[in-house]
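One chain, chain A, links the two complexes that follow: it is found with chain B in the first and with chain C in the second.
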Partner chain A sequence: MSERFGLAGLAVRMTVRAPLKLFSMGFLLALVSFLLAGVVLVRSGVEEATARGAKRLGADLMVVPQGAEVPLGAGLFGGVPVRFSLPEGIDRRIAVMPGVLVAAPQYFLSSAPASCCETGNLLLVGFDPSRDVTVLPWLSPHVRLKMETGSILVGGSVMKGTGAALRFYNHPFTVAARLEKTGMGYFDNAVFIPLDGVSAMERSSGSAGGVSLRVPWGRPSILLVRLAPSIVPRDMASLLERRYPGIKVLTIPGLFRENRLRMEKLARGQLPLAAAAWLFAVLGGGALQFLYWRERRSSLGLLQAFGCGKGVLMLLFGAEAFVLSLAGMVAGSAGAFFVLRLFASYFAVTAGMPLLLGGLDLSLSGLPWLWLVFAGTMAVEAVIIMFLMLRREPADLLRGA
Partner chain B sequence: MRVELQQIRKSYPLPGGDGTVAALDGVDLVIESGTLCILKGPSGSGKTTLLSVISGLSRPTSGSVLLDGTVVRNPLDRQRGMVAHGFQEAVFIPELTVVENLLLPALRCGDRLAVDRGERLLEAFGLGEMFDVPPAALSGGEKRRLNLARSLFLPPRLLLIDEPAAYLDDGWQVKAMEMIIREVRDARATLVMATHTPLPGDEGFRHILMHKGKVIDDGTSDY
Partner chain C sequence: MTESRRKYFAVPLLLAVTGGLLVAIPRWLFPTCGFAHQSMAGAMMRCDTTGSITLFLGVATLVAALALYLLSSGPARSGVLFAAVAAGCVLFPLYLVWPGVCMAATMPCRMGTLPAVLLTGGVQVLVAVTSLVRSRSRRA
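On to the complex of A and B.
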């Protein structure tokens, strides 16, 4: 037998033992919160990934074959294996141009699909460690690439730890380090192999009935160009495109321009979306609360009969609506976070946008104001409904009139 | 507790808003402290409304209710003054258990009543095995008994009970009446009980007969 309980205990009992009310209110707010938090999290996640990705590329320009922008997007943002090649010798010609500090070639290859005992469907990036600006500068000082052991680096989403063995085209490799996650498929889902290793892998391929690999040496997939500080990247891009037909030169901000435009559009749509969600919550939450209390009006009459004043009841059930709504909002936001985290790679591939979510606490840190606005609205609504209900006399409420 | 009603009128609007109907029509009544009183009369005569007005669950359209000579205005005042009301409808909060519903009268009083009083009452009303079940699990008669037990939970100075015998079988009618009278006498309280059926053990009570919202007879004779 319970010893004694006060008003708060009464409200808690009336809430937790009314699963329909608990579920419907919580679910409604969780749904609203899921949608809103989803938009906020996508926006911040894309911005974070874009900023980090742009920084990590470590270059001012990216040179790609003309017409390769679409597959490039799939490779960069989704980490999807793509293959294309620049014109012959372009890397050497650009490297010696005045104002160019480094021209780092990279070869995009794909792992052999469905071959026995190999990891399939990965983007393999062959890079030159002596000219690299993308991967090695970000490695921790204690990471050493030992070429004789076939060292490779794997992206943050590749589930292989340091020292793990991997085989590509019948050639064994050892994971030297796993890169930190960036939200960009190019970094997270790819395997970075020094050119020596690519060469060895090409030689090993085709043996024992395996798939042959042909590397278009001298025709890299992309060229990452770092310029002298005095050079304006856009001017150099125009110059290179004029001088070398068949190439497309992208400035790094230009590479993410489409993402930025989409994010700006999303940002503009955020306020109307929040307003629509608020209206939905007000109408839905109001209807739910009204129906519930209409059914329970005899309970209100009873509480009044036993001495609970109108103000106390309004405060009590306003607070109850606040807590329920707040719990629903937090749950919905956390749900959006976990769903996004689960499907971040899928999102990056299908939407062609990088996505990087921070920790749960960091990701949700911008949302409490949203939770408070919605929970506050529900509480005010509960108070208004309670006020309207309590205009009747307790005797009428007791009779259910 | 002494109850004094001065020219109490209570009217309700008719459906459709066409005028009003008088449930109480100028009731003047004085019930001295310690009186055991039965309100009688046919359905619709105003008994329930009169009890509601005394307990403060319903506000009179005009007139005053004085308890121990003081005008009281809301149910909370009456709770503090130890007025208990056994409602006509056995109404409970469905999310609370039987014992929690029994404890409701102590909610705002800050009373440190021992739970064993609740246990004793439930045992006495034959609900000893029902402490922790929801009220929905009770039969109609059990609900009526819980309703009566709840009205006796705080030692009252004025006990108002509406149709205590409804849905009770003969055995429980006698038993419940005995318990109510014993509690009232122990507490030296005033009892006002509405019923339109004769109750066992009500000899010597003051009987007030109502009809169409008026007191038409008042005395100790048996009706």
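On to the complex of A and C.
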């Protein structure tokens, strides 16, 4: 702070030495911004995760057992261990159908609940590397060469780096690569094991008094189907459901339909919420500023007595309200970002929705206009309050009557 | 309540809240795996060890808050504030390095306890450091 005495310096001192105004204004705007930014971030995070997840799945259709949609959502979006099986031999029958390019089976398993939870309660996904369309296409060729029995891939949220050793059902594995985060539990929280490794793990399970594992071979949990470009996924889905009872065929947009509907609802509510928050900020901020200056009107009289004009005072405290509000809004939005980032996994598992927050700059990129509108309103309010206060003579203001 | 009393009341109150949260989070609010799944009896989980240490740090913070309320300004008060900062800072390596929490992101300790404790620890460090800086600048 400048040691020179001047009107600007005096105004800055008045602001800094008024913690009540600083905190109440900043806190009010931070609170409003926290709420608004939270909604905006959740919406953009879910949209980003949905888009990335759909792209990563690399299939046109997902075949699941009938009635498994609810546990599938928990497994796919939350990465929670789930177990279900398709009717026997369905993968072979679908693979030979005309128009089907690849039918990649995946077995959903769960690691044994261990007293030491280091490797307990993990979603293990057994996949066939020769038919995979989901995991391997996203790895660099260098990693692909290293994929051998005993090698596994882990999701971006699994706290194990490349080369780390992991043991499931008495079988040792080595982490060949860690996948990039997508915001979808299926990719982030799971461990992907080639079918050879699943078979070896099944053989070694049960030994030394451990928990035994039974894999329902021939009855995978899901089947990811890639179609020829000329085939319409929805038509093929209907055909498969008619031909093979006991299965549910989801198109990839259909898989994320529930999330999209929720996002649309959130998007529809965003504008009314912003309007309500703005109204709350206008009323709350106006009341705070008015009460503050009403108590300290003698300061205004003093400034006027020093020769500070009404216009300068209005500009000074309007600018002050603008800066305080802007700082509060930025702090609130950044707070919402960090809290959401910390609780992203909790949100994904409890809400059953994928969530991916990018960097601070990217995630908050849609908010500066909102910050400016709110801070501008606060500044206008401050100017109006100053105008009302400064209609009185400096002597009256100084007397505080 | 006098102005100075009010000033001395705010920081102990905030630290008491963070201390209380540090006690409640690993046991009740966002329990660690062992407390969340009571059926998982057996050896002590690493996250439970972390949770137990957190609980002790929470109690230490509560004691620090009480001491701050009773002490007037001076070196002893600064020492207690330093202790509160240290208790908040210790939480970060405790959860992120050793003993740490479970590997799977869907485990209760990774999903709930870790973010909640880190957030509370961050607030505690912020409150204590701000109070330290203010008390030093007031003394200068």
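We adopt the following convention: the second predicted complex is superposed on the first by the 384 of 401 C-alpha atoms of A that agree within 3 Å, B and C clash if a C-alpha of one lies under 4 Å from a C-alpha of the other, contacts with A are read in each partner's own complex, and residues count from 1 in each chain.
Keep in mind that, in the parts below, a contact is a pair of C-beta atoms (placed from the backbone, for glycine too) under 8 Å apart; a residue touches a chain by one contact, two chains touch by 3 or more.
Predicted, not measured: the structure shown is a model, and the values here were computed from it.
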Chain B versus chain C as contact partner of A:R13, first or second or both or neither: first
Partner chain in contact with A:L123 - chain B first, chain C second, else both or neither: second
Contacts of A:L35 with chain B and chain C, given as first, second, both or neither: neither
Touched partner set for A:N189, first chain B, second chain C, both or neither: second
Partner chain(s) touched by A:A305 [first = chain B, second = chain C, both, neither]: first
First, second, both or neither for A:V339, with chain B first and chain C second: second
Overlapping contact positions on chain A, where the chain C interface meets the chain B interface: none
Contacting residues of chain A [partner chain C, same complex]: 78-81, 113, 115-123, 155, 157-160, 185, 188-189, 339, 342-343, 345-346, 349
Residues on chain A engaged by chain B in the complex (per definition of touch): 1-7, 10, 13-14, 17-18, 296, 298-299, 301-309, 393-396, 398-400
In the complex, chain C residues that touch chain A: 33, 37, 40-43, 45-47, 100, 102-107, 109-112, 114-115, 118-119
Complex contact set, residues of chain B against chain A: 49, 52, 55-59, 74-76, 79-80, 85, 87, 89, 91-97, 99-100, 103-109, 115, 118-119, 131-132
